[in-house]
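The following pair of complexes shares a single chain, chain A, combined with chain B in the former and chain C in the latter.
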Partner chain A sequence: MSRYIARRLLSIIPLLIAVSLVVFAMSKALPGDPVEIFLQQADIANPELVNAMKDKYGLNDPLPVQYWTWLSLMFQGDMGESIRRGEAVSDLLFRGMRNTFSVATASVLLVIVVGWTMGVLSAVVHNRSWPQVITRFLAQVPVLMLSIPGFAVAVFMVLIFGISLGWLPTSGVSNPRAGADDLIDLGKHLILPTIGLALASVGGNWRLARNTMIEVLREDYIRMAHAKGLPLWRVYFLHGLRTTLVPLLTSAGLLFGSLLTGSFILEYIFAWPGIGLLLVESTVNRDVPVVMGATIMIASMYIFLNLAVDILYAIVDPRVRYA
Partner chain B sequence: MHSALSLDHPAGQRVRRTATFLREHPVLSASLVPIILTIIIALIAPLLPVTDPNRANLSVRYLPPLSEAYILGKDRLGNDVVHPESNPEFFPSSVVERYEPPIRKHYVLGADSLGRDIVSRLIWGSRVSLMIGIFANVAVVLISVFFGLLAGYLGGRVDGVIMRLVDIGLAFPGLLLALLILTVLGPSVINMAVAVILSSVPLNIRFFRGQVLTVRNAKYVEAARLLGYNNLRIMFREVLPNVMPLIITVTALNATSFFIFTAGFSLIGMGLQPPDPDWGTIMSDGLRALYEQPAVILGPTILISVLAICFNVLGDEVQKILSPRESQL
Partner chain C sequence: MILRSGAAAVAGGVGAAALAACGEAEVVEKTVTVTVTEVKEVVKEVPVETVVTKEVVKEVPVETVVTKEVIKEVPVVEVKEVEVEKVVTQEKVVQVEVEKVVEREKVVEVMVENPKADSLVIATPQTQKVDDLDGSQVYEFQTKIAAFCCSESLLLYDYQTQTLKPRLAESWEVASDATSVTFTLREGATWHNGDPFTAEDVAFNFNRIFRDDDPYHAEGTFYYNGFAQPFYGDTEVLDERTVRVNLTQPDALAAEKFGALDSSYMAHPPSVMEHGNREYSTDPDKYVGTGPYIPVEVRPAELVRMVRNENWWGPKPDFKELIFRIFPRGAAGSDARVNALLAGEIDVALYTPATRRNDLFRTPGIGAKWFPNFVLGYFYINHTFPLFQDNRVRQAVARSFDRVAYHEATSGPTVVPWGRFWFPGSPYLNDAAELDYDPAQVESLMQDAGFSKGGDGVWANGDMRAEFKIQYRGDPGSPPDQETFWMQGLNDQGFQVELEAWDPAIGADFDNGPYAQQNLHVGGWGVGVFLGDPAFAYQRWTAGDLFARSYMDNAEMNQLYQDILVEADATNRTQKVHRMQEIAADQVAWIPNTVRTLGAAWREEKVTNVTSGATQYSYPWLYKVAPV
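Let's look at the complex of A and B:
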């Protein structure tokens, strides 16, 4: 087992290097000089100043030197300074990550609580002779949830709960009038982005849990559990759900990974100052150090999350180790 | 019996077979209706009696849906002067040629931030949304089938190189690679298509390679090899036809995501650039006016949702018909 983990760990090193090379190459392929763009926007035209700033940011060095400097500084936790905001990139990333992390965690919790529970319940209903309407409904709702794009759901929710009813805030993480650590205020701001992010995955996990549980509930050990006279919730959720946990946990783990990274459209709609919004704004402003730092961080996190899922698989299923 | 006779023609038979097929798969047919309708509208957009989607008129800014405005006359440039009131006393100085009486103009879905007719923007916008979807889909399938065949069939070093590149592509989750590409190329429609294509090619190559691997050692491939056919011929004449159903399935499944990606990128301002309309840019315009005129965003959002659901259902149905084994998952 430890040999498998060691081998997999070694295998991601070239991948990480390749990713950093791709990001570096892309940042160099950008048209327009970031320093000149910045000075232009500040209405300063001064070649000497351009050169001085380029020297300051090391933009006059040969490319391999620039790459090496960037990489070694990054390993020390120094990803440079945002050209646009003058702040350390690592600070910006940390702040963005914290906000993204809170909404991603809330989404995964929602997926597990609602998606899995509804999946088990609809499998139970499927295996009984309840009216067709209910069975069909419970099978089709998750498909509907899966199909509507998250940003469309977000817009509908903003219009209904934010604007028509005025129940919930529709943008940002906190009300300026509330204190910095007002948890109720944060919770209110979290509700709409969480649902927008999670809805498709709730549908996906609901469908997955339903389809696997339908088979599981026909097994002998479920009949045995019933025969022992266990309460129904124990039969379904402890004995039944447990055996389907591997695919479900995998999908929840990968969901967490993709939520940490791929939610910039939703963050844009809700003006949620997470990593996605930071990335979009930096892309528009061509704030190269931020884009590089964010991409590297997101990609490496994603690589490690995939690795963790693979190792979990290997622990659960020994056949994987020898494949 | 004339109609029965005509149905015996090859063309008639095809029509009849299609009709039977559609009747046997009602869900698939239902999901096709909005898609085909949108395609038709997109195709005949220039023939429809709608105004220029980019014609701005600030006097009807954020006009609510189902309201009407009046074309009072023409200004010096020959453009219509539209105004929400038909008051005969009211006569803006820009009007040089006055219509008597003013012509009524209906704004079924209202007007946006620049007073442009949302209906005509939606109609013209459907062209961009669909065109990119189709173009990206075809490109992705062609590229990934080609490299999937090379990697899966030839194996060895070719496989190694292609798959290492694929691994690098897959290390960037979701649309991160697309965003990175758009940062370099700058926002525009073509660049968005390129970004979407490049970021979804790796996953598709891996998928097709896997499928090629399953047929690679089949008896008929071995027979072709024994007959002395060259690799190219075996790849495209023996292996390709056997992964064909999967290609159709993947195309159908990809359609949803490309459609959503393009709308999403336009929404965050990385796709089509204003003033040209596509459904994403109309949404993005509406997003800025959520409190002033929520109706602006409602139209494109509903359309995108309906089409996304239809594309998704279509993909599921095609998968069920063509590759029932995979659809179990």
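Let's look at the complex of A and C:
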């Protein structure tokens, strides 16, 4: 196992370099100069300043030199400086990732608590031949969740719970009158974005958990467990659930990655200063250092999450072993 | 009996709820009982009592204080002895009234101390460097709104009167040959840390900002210093409160440039020397300014918090605390700002979008308006394009756009449709120099230019047909309504027009981009006009910088521009500027379109108005927003 992990870790380095090369090439292929865009938007027309800034950010160097400079600094832990904001890329990414991480984590928790729980319960109810109204209802709710776009629900929730009822904040990560570390305040701000972001995933995982559990409960070993006279809770939650968790864990791992990068629309609606907004804004403004840094960070996270999921496989399902 | 019912009345009218909420309930009840007979009188004569009491209940936990006042002034025993039927004497009533007034004043004073009531949350869009505090280093309008609350320049350009006003300098004088400007500094002005503001500080700052070789220039982002740097020689300290800026060439705008331009804001020399320009400008713990507010917290991309500078030289600002809450820029942020305002999460929203104006106007308790801004929106026109070499054709094109109809139908009050070359209400404006919509004149101008309409309804003159392209900023396939509207108007009047999308990201490429001479026909763009002085604006079209590529070179205009740079006499200057506008209208140097506006909306329960005040670019005068 440890050799497997070491090998996987080593393979990450060339993968990340390849990703950075592709992103760098694509960024440079886009029309528009980042410094000119930046100064134009600030209504500053000064060719000397344009040139000085290009020198400062190395934009007058040949492209291979630019890339090599970036790469060598990157290996020293320096992601460079944002052309647009004049701030260290690492600071910008940390701030954006912190905000996105909080809403993505809350979303995954919601998926686990609601999606998985309801999925497993639906399967149990289905297996116990409860009235059809209930089983069908529990089967259709996740379809409904999958059908309604999360951003549409988010806008609706802002109108109802934010503006009309005033129960929940409509945007941002904190109440400006609250302290910076007020967790209750952060929790309140998380509710609507989390629901908007996680809604479809809750529905998807609900269905996945239900279908998987139903299949598992039809397996021979479950029948054997029943025949042995084991209590129902033991059959369902020790024998059935354990097998069901394998695909769910894979789903959760990938879900977390996709929520981290796919939260842009929700960040947009809720004015949530996360990595999605930062990445899109930086791409539009050709702020290459930020785009490169963000891409590398997101790619790394995907790779590490995949690795973590693979390791979890082996823990949850002892049949899975790596040479 | 009468006493008892009277007590009930007072309980309702004078704020029993507040008194009951206080820890000394027994004392309160005695007091209430006492004041009955008199207060009936008082209520009639002093209608403010009820309001006063409500304020006490809701806002101020000062019941104890109020109770003590009442107990002191109206001895229980004495009043009990008064016979109700006989009522009290008029003198006694008056006496009570006086006490009540005193009470109200106390309440108001305590309200000011209430942190919740006395803080104002202002929403602004995220900018490139939202956390900059040093006014000389910020370069976006939104950031300046916050930075200009803590940072100050020597003078202030008053948008409304279009004149310079004293700020850190009490007076100023431009030399008759316009080669120097002398500032006399305000007596008693201090930095936030208590250090006196001196002439040495001014010299330090001007060298820091305008001299590339100054040791404290490094790291700074003085992007706007280009307007004054070519003129800057040195700064002489004449005495502790007097400095003279010597110029390298005459400049009639020396006071504006060195006194009030964005780049001329003052930074605290010891702090800059200790921390460097960037740290100084971005860390509230290291920043020391002179302005009416002191920054105390910066959460990047989230908020900037400032508290009132109690030692500021000017009138006491209305709010004890200003919080600038940062929203994303663009449509996402502006929509979220309006939502946050409607939900009561913020008190003032700036840069409110035109698309939400109906939401704002229709919501009770929300005030909204759009301030005319010092930015003219206009269309660029390529004077070298063969069709446009005849200025009559250019005039015809300019007079084909019914901007009033368009903007009234689409933007409402959020922009000012404008077909002139200077700002409404300005003494510099030449009202006769206009390019307003006039279809009849279009017809006549085109005929004068030798064009006649062919069978397809398009003007033609020999081989030349009235065909051209209008470039627009926007997504391909969804052109902005303005260009579409104008294109249809042009089609109706005999022009064959195509819309051509362009990527704003490459707009600044003047060699190969859409605004390159070979590519441009007509395109929409805006222009910032600094300090409201025409020289700043015309410089952009005539003085050899980026905007010299406006494809027009008029000798008289260029000479006039050179003249107004050194023309110190206000009357002569205005006449020359008026003449420049005549040339601009005749030659159709540009096609004016709108005066841009800055939208603001506010909760009326918190402030009565957000005024466009005496700040550059007509920023709302946030630290003078009147509380309710």
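As a working rule, the second predicted complex is superposed on the first by the 267 of 323 C-alpha atoms of A that agree within 3 Å, B and C clash if a C-alpha of one lies under 4 Å from a C-alpha of the other, contacts with A are read in each partner's own complex, and residues count from 1 in each chain.
Throughout what follows, contacts are C-beta pairs under 8 Å (C-beta built on N, C-alpha and C of every residue); 3 or more make two chains touch, one makes a residue touch a chain.
Note that the coordinates shown come from a computational prediction; the quantities given were computed from them, not determined experimentally.
Once the two complexes are overlaid on the shared chain, A:Val246 sits clear of chain B and of chain C alike.
Looking at the shared chain after the overlay, A:Leu144 reaches chain B, while chain C stays out of its contact range. Contact with neither chain B nor chain C is seen for A:Val125 once the two complexes are overlaid on the shared chain. Shared-chain residue A:Leu230: touches no atom of chain B or chain C.
Looking at the shared chain after the overlay, A:Arg84 reaches chain C, while chain B stays out of its contact range. In the superposed pair of complexes, A:Phe38 makes contact with chain C only, with no contact to chain B.
Once chain A of one complex is fitted onto chain A of the other, the partner contacts of A:Thr170 extend to both chain B and chain C. In the superposition on chain A, A:Tyr268 makes contact with both chain B and chain C.
In the superposition on chain A, A:Leu59 contacts neither chain B nor chain C.
Residue overlap on chain A between its contacts with chain B in one complex and with chain C in the other: 30-31, 158, 162-163, 170, 268-269, 284, 286. Within the complex formed with chain A, the chain C residues making contact are 116, 119, 121, 126, 128-129, 139-140, 221, 223-224, 226, 278, 297, 299-303, 305, 323, 325-329, 332-333, 335-337, 339-340, 342-346, 503-509, 528, 540, 545-547. Interface residues of chain A facing chain C in the complex, by the touch rule stated above, are 30-33, 36-47, 49, 84-87, 91, 95, 158, 162-163, 166, 169-177, 180, 267-271, 273, 277, 281, 284-286. Taken in their complex, chain A has these residues touching chain B: 15, 18-19, 22-23, 26, 29-31, 143-144, 146-149, 151-152, 155-156, 158-159, 162-163, 170, 211, 257-258, 261-262, 264-265, 268-269, 279-280, 283-284, 286, 291, 295, 298-299, 302-303. On the chain B side of its complex with chain A, the touching residues are 164, 167-168, 171-176, 179-184, 186-187, 256, 260, 263-264, 267-270, 283, 287, 290-291, 294, 297-298, 301, 304-305, 308-309, 312-313, 316, 328.
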